[in-house]
Amino acid sequence: MRMVEYEEASPEVKAVYDDIMATRRVDWINNFWKVLANDPASLRRTWESLKQVMAPGALDPLVKEMLYLAVSASNGCGYCIASHSAAARKAGMSDAMFGELMAVVGMANETNRLAQGWQVEIDERFRPRR
Amino acid sequence: MRMVEYEEASPEVKAVYDDIMATRRVDWINNFWKVLANDPASLRRTWESLKQVMAPGALDPLVKEMLYLAVSASNGCGYCIASHSAAARKAGMSDAMFGELMAVVGMANETNRLAQGWQVEIDERFRPRR
Amino acid sequence: MRMVEYEEASPEVKAVYDDIMATRRVDWINNFWKVLANDPASLRRTWESLKQVMAPGALDPLVKEMLYLAVSASNGCGYCIASHSAAARKAGMSDAMFGELMAVVGMANETNRLAQGWQVEIDERFRPRR
Amino acid sequence: MRMVEYEEASPEVKAVYDDIMATRRVDWINNFWKVLANDPASLRRTWESLKQVMAPGALDPLVKEMLYLAVSASNGCGYCIASHSAAARKAGMSDAMFGELMAVVGMANETNRLAQGWQVEIDERFRPRR
Amino acid sequence: MRMVEYEEASPEVKAVYDDIMATRRVDWINNFWKVLANDPASLRRTWESLKQVMAPGALDPLVKEMLYLAVSASNGCGYCIASHSAAARKAGMSDAMFGELMAVVGMANETNRLAQGWQVEIDERFRPRR
Amino acid sequence: MRMVEYEEASPEVKAVYDDIMATRRVDWINNFWKVLANDPASLRRTWESLKQVMAPGALDPLVKEMLYLAVSASNGCGYCIASHSAAARKAGMSDAMFGELMAVVGMANETNRLAQGWQVEIDERFRPRR
């Protein structure tokens, strides 16, 4: 799958690229979108969803970027770790914050398996009440 | 593996239980620790690590709990989702914050696989420089 | 672990290589098998299983290759994504089909985590009856 | 998180519920949406994406449901396995097709780890050309 | 999917059940095989593979069972954790061995994510030479 | 994140490096620790935990290294597979043992998904009694 550069993109793809650059206040498009542009419907839907999900709300953008990075690190997605590390840095994540974020990711992965392997039953008080 | 209740615990286990309750300002121990107490060395080491990792630092405790919950949800650990949802609520996570947290977790899991399945190469500008 | 080339392979390994090439109607062996050939028992067992599983049956070979690719993309296995993308293409997967396949993989990974993180209980009507 | 029943739902949530029932030609809503409705923005966005992704296209709905089920089984999401098994059955998946689907899922998970653990390098001919 | 009991099983399925019981020196069949028996080809192939893989070889059966349990705990498969805990106990795993096994599983899951999240490059001396 | 070399390390980091080299009887530090040293608290805590977990106990060091490698292969962590393959070799793992280890990892990953996808219920006799 080749990367779809701006110059050669269809109007539909160009419109998404323009929105990405305007929303992020940058003048370039990263490889993820250039590759996804091979399927314009996926490009548009994924970008629209991402834009909504990452917009400021009850959580601020830095926290959202750090959550994104934590999940990506936990999943071992090389591309996503690299791109969301950059995004989180840009949103204000310091070296110290990254170190603590990774410590939480590591710890959660450790205790997730301990809880599962030791077959721990959920405490009554933690059960969702419906 | 039975759960080790406070009354029947060895002095070593009791000391960890006491520290858990003092640190968290609660008067009960959740099942995870009661089961892990079957291996006192694991109990102590895991608790000491968790206490250090979750202490306030460059990230505040609420953000740390949300990161923990995000990883646990991504890993599908039922016990951890239930217990860390409770912990994050206690630390101040509102319904709206939980909704946005889960939206980020869902989105990250989606784009992690898109990046991997589409075999996207890391942009030069995202590569770590060492 | 070096790769075991055809010329230097033992008769047991050669027999598997010959069957791979005959079954797939190709005149080359891909790296996966050349590396696995360091353990001839694993080579033989894995190939025999794969041959049975991927043979036409209630599902046609293209659907099977797409299922294989979907799982590999979901697991983030770089080698498997590359090799099964090629295999699925050869079996008839178009660009449009690949785009839709990846969209399903992404969506499933997103909603899998939403269902787990939101702790959704299984509907009575979805429960297996035994 | 309680489940949001149709009668008590806000107009925004009701509109999504109505579209789900109309699109699927059913008169009930499954638990996933009732729980997600606690965050109306997530409900709407997730449903809109799912509707687009699962619509007939280059792949027919049965293949899409089987891909969804394969990923869900691979991820071990209990809710998703139960609900998408039902959906795939409804779309025409027979017992024999399910058996073969699961065989592919199992095999892919096995060889994904063999390829990674044996550190197999990607064959030149499988590399994406960009 | 109902469970296929011995009495109602086809001769093909009965033959596999007989071999399972003879190999394991037990007089009962666990649920995994009874469910898988709905697809006799999967039942036979999976059992044949498992029998070969778990037979004594360069690794003894206890080590193999512990490796199986470690992977199952890491993957969070409830059924597999329960059944392989039982199998490992039967093969000689003590409480202390189980505690240490789970500690390694937890630690590996932690450092796996640290290595990925911190984007650590493989040391030259660890690279496979081919 | 640059790698922290011994010469430029702080006394706190140097102390950990010295302990790693003394414990492992080597005169070099692998990249994992050099990168983690950017967060000295994580470096110290992770090393202390690892040292305790991997020390000889009810399980010998070779078995522990093989368990570590099995989990790392199952998780697809490239760095960890490379470094723990080397460590397991050094601890005595032969080619034959590695082949069998990987066969178990593959098999466990296969049956983990079969058990989950087929929705197998845990046998009464496998349930933990508490």
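Order of writing sets the labels: A, B, C, D, E and F. Residues in every chain begin at 1.
We adopt the following convention: a contact is a pair of C-beta atoms (placed from the backbone, for glycine too) under 8 Å apart; a residue touches a chain by one contact, two chains touch by 3 or more.
A quick note: this is a predicted structure, and the numbers were derived from the prediction, not measured.
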Chains in simultaneous contact with subunit A and subunit E: B, C, D, F
Labels of chains that are neighbours to subunit A and to subunit D: B, C, E, F
Repeat of interface A-C, chosen from A-F, A-D or A-E - more than half of residue-number contact pairs shared: A-F
Relative to subunit B, chain with the most remote C-alpha centre: C
Between subunit D and subunit B, distance of the C-alpha-averaged centres to the nearest whole Å: 27
Subunit A-subunit B separation of Cα centroids, rounded to whole Å: 19
Where subunit B touches two or more other chains, by residue: 1, 38, 41-42, 45-46, 49, 53, 74-78, 82, 85, 96, 99-100, 102-103, 105-107, 109-114, 116, 118-119, 121, 128, 130
Subunit B - residues contacting subunit E, complex: 1, 38-39, 41-42, 45-46, 75-77, 128, 130
For the subunit D and subunit A complex, residues of the former touching the latter: 1-3, 41, 45, 49, 52-53, 128-130
Subunit C contact footprint on subunit F (complex, rising order): 76, 95-96, 98-100, 102-103, 106, 119, 121
Complex interface listing, subunit C residues touching subunit B: 69, 73-74, 76, 78, 81-82, 85, 102, 105-107, 109-114, 116-119
Contact footprint of subunit F on subunit E as seen in their complex: 1, 30-32, 35-36, 38, 42, 46, 49-50, 53-54, 57-59, 63-64, 66-68, 70-72, 74-75, 77-80, 82-86, 94, 96-97, 99-101, 103-116, 118-123, 125-128
